[in-house]
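In order of appearance the chains are A, B, C and D, and numbering begins at 1 in each one.
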Amino acid sequence: MPKMSVEELEQFLSEHFPYIDNRAMTVERVEDMSARVRLRYHERHLRPGGTISGASLMTLADMAMYMAVLGMIGPVALAVTTNLNINFLRKPAQADVIGECKILKLGKRLAVGEVTMYSEGDAEPVAHATVTYSIPPRRTSD
Amino acid sequence: MPKMSVEELEQFLSEHFPYIDNRAMTVERVEDMSARVRLRYHERHLRPGGTISGASLMTLADMAMYMAVLGMIGPVALAVTTNLNINFLRKPAQADVIGECKILKLGKRLAVGEVTMYSEGDAEPVAHATVTYSIPPRRTSD
Amino acid sequence: MPKMSVEELEQFLSEHFPYIDNRAMTVERVEDMSARVRLRYHERHLRPGGTISGASLMTLADMAMYMAVLGMIGPVALAVTTNLNINFLRKPAQADVIGECKILKLGKRLAVGEVTMYSEGDAEPVAHATVTYSIPPRRTSD
Amino acid sequence: MPKMSVEELEQFLSEHFPYIDNRAMTVERVEDMSARVRLRYHERHLRPGGTISGASLMTLADMAMYMAVLGMIGPVALAVTTNLNINFLRKPAQADVIGECKILKLGKRLAVGEVTMYSEGDAEPVAHATVTYSIPPRRTSD
């Protein structure tokens, strides 16, 4: 079961990533080996044609995986992304995007997960990513 | 040879992507099947531990490929990224990051390139990405 | 709904890919936007330590996606893989590996899917891949 | 500089991977942080249309990276691939394919490299891969 609640994760983010605008991205759910993060629709994320930028979706994928991993291992600020692969599937709607992360493997050194992203209210995904985090060595007493 | 100069690309960006801060990312060079884009060091890109965020490096990789592709095919705002795969290799220095893009394939429908990213002054790459763009169908008269 | 049955797909494979050993890889199920392919355990796929080779898992992922796509669009031998990204998660057991493919997007030009691979009888995946196929232009009358 | 010569690598392969046909894939060069492996043209690798299969190119990419890594760290049979991302760029010619691997990062736990693949005699790449290997923990005395 998760070691951190949604509230603890949001608190952790505001302490360690003060530049992240909490109104732009919010943690909605953290469960066993999974997390859901919401990217709020805002003109700032737009690209030509009025859609949310790829950069915003990549950030959402990375953050959803980070939240899912921290939820399981506790507040380890120095876990770092080593690989991210994203496929952009459809033009997002003018709506919030929901990132659903599912951890596929939680090893001692590497965690791998997938994140499916949906425009709120649509069943078809707008993007899909796989993300790998490297987990720093922990003391044996951990 | 490229169809657009650095000046034309910067002009295109400021018209179509007004939200991109020109001081944050600048096109430095566009040549045959390649481009170089600079991400300026700025506290806003930092993550815990004082390094440039993965999101900024992903945006740099995407932009370097976009500039290399537009340089070759001309101003096509609706070319879109379909896949981006990035490996984060080293902690970036507190310095600008240079993205060197080389196009591996420029087809009628898909363009594939690789982007190697370096902290200015360092020989070892901080990240490496491969990026695929889908190119919209053009009129036969093109 | 699928345009080809399991029997039609196996027939198509034996005509167009005569070098594929039908006893090594078999199509088990084709449904709407999904397919299941089985890789039979055999010493030939082993690597040091007695596990199924990465090459066999990559081939399984590619084949599962090919079957799911052909199932939906009909027998198009010239659909080709443009990108495959695979994460190896766990050492496979000495057992058959099942590849479950789900198509995430079936566009006119590109199809993107994900394949989760399990050792038969295990709940935890041994590998996960995303695969993109380029679909050749079809006549308007299609 | 490399710790293993081409002859030592070929010897290592024939001991640990007896099922690899030495006539199908041969190590041609191992240098500092790089390796070249040749995939011999043979009907067995063909797919519809007469080209070398994607599976053969994926195996070539994986093997070229494995040889480059073993060349640097010595004979560690249990180094395993954790991620492989490949873009298929052009239809290969009816000729041998050369895989040129360059290691981008050789860390204590992970090695990341890129492999560019060419049909012999052609300047344009037929495929490009990035490959990550996990390196098993070594004794402190190493």
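As a convention for this text, a contact is a pair of C-beta atoms (placed from the backbone, for glycine too) under 8 Å apart; a residue touches a chain by one contact, two chains touch by 3 or more.
Note that this is a predicted model, so its numbers are computed, not measured.
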Where chain A and chain D overlap in contact partners, by chain label: B, C
Chain pair with more C-beta contacts, B-D versus C-D: C-D
Greatest separation from chain C - chain, by CA centre: B
Intercentroid distance (Cα basis), chain D paired with chain B, Å: 28
Rounded Å distance between chain B and chain C, as computed from the means of their C-alpha atoms: 33
Geometric centre distance via CA averages, chain D-chain C, whole Å: 23
Residues of chain D whose C-beta touches two or more other chains: 82-83, 85, 87, 132
Residues of chain C defined as touching chain A within the complex: 85, 87, 89-90, 104-105, 112, 114, 116, 124-125, 128, 130, 132
Partner chain B, residues of chain C touching it in the complex: 82-83, 85, 109-110, 132, 134
Contact footprint of chain C on chain D as seen in their complex: 16-17, 19, 43-44, 46-49, 54-55, 58-59, 62, 77-78, 80-88
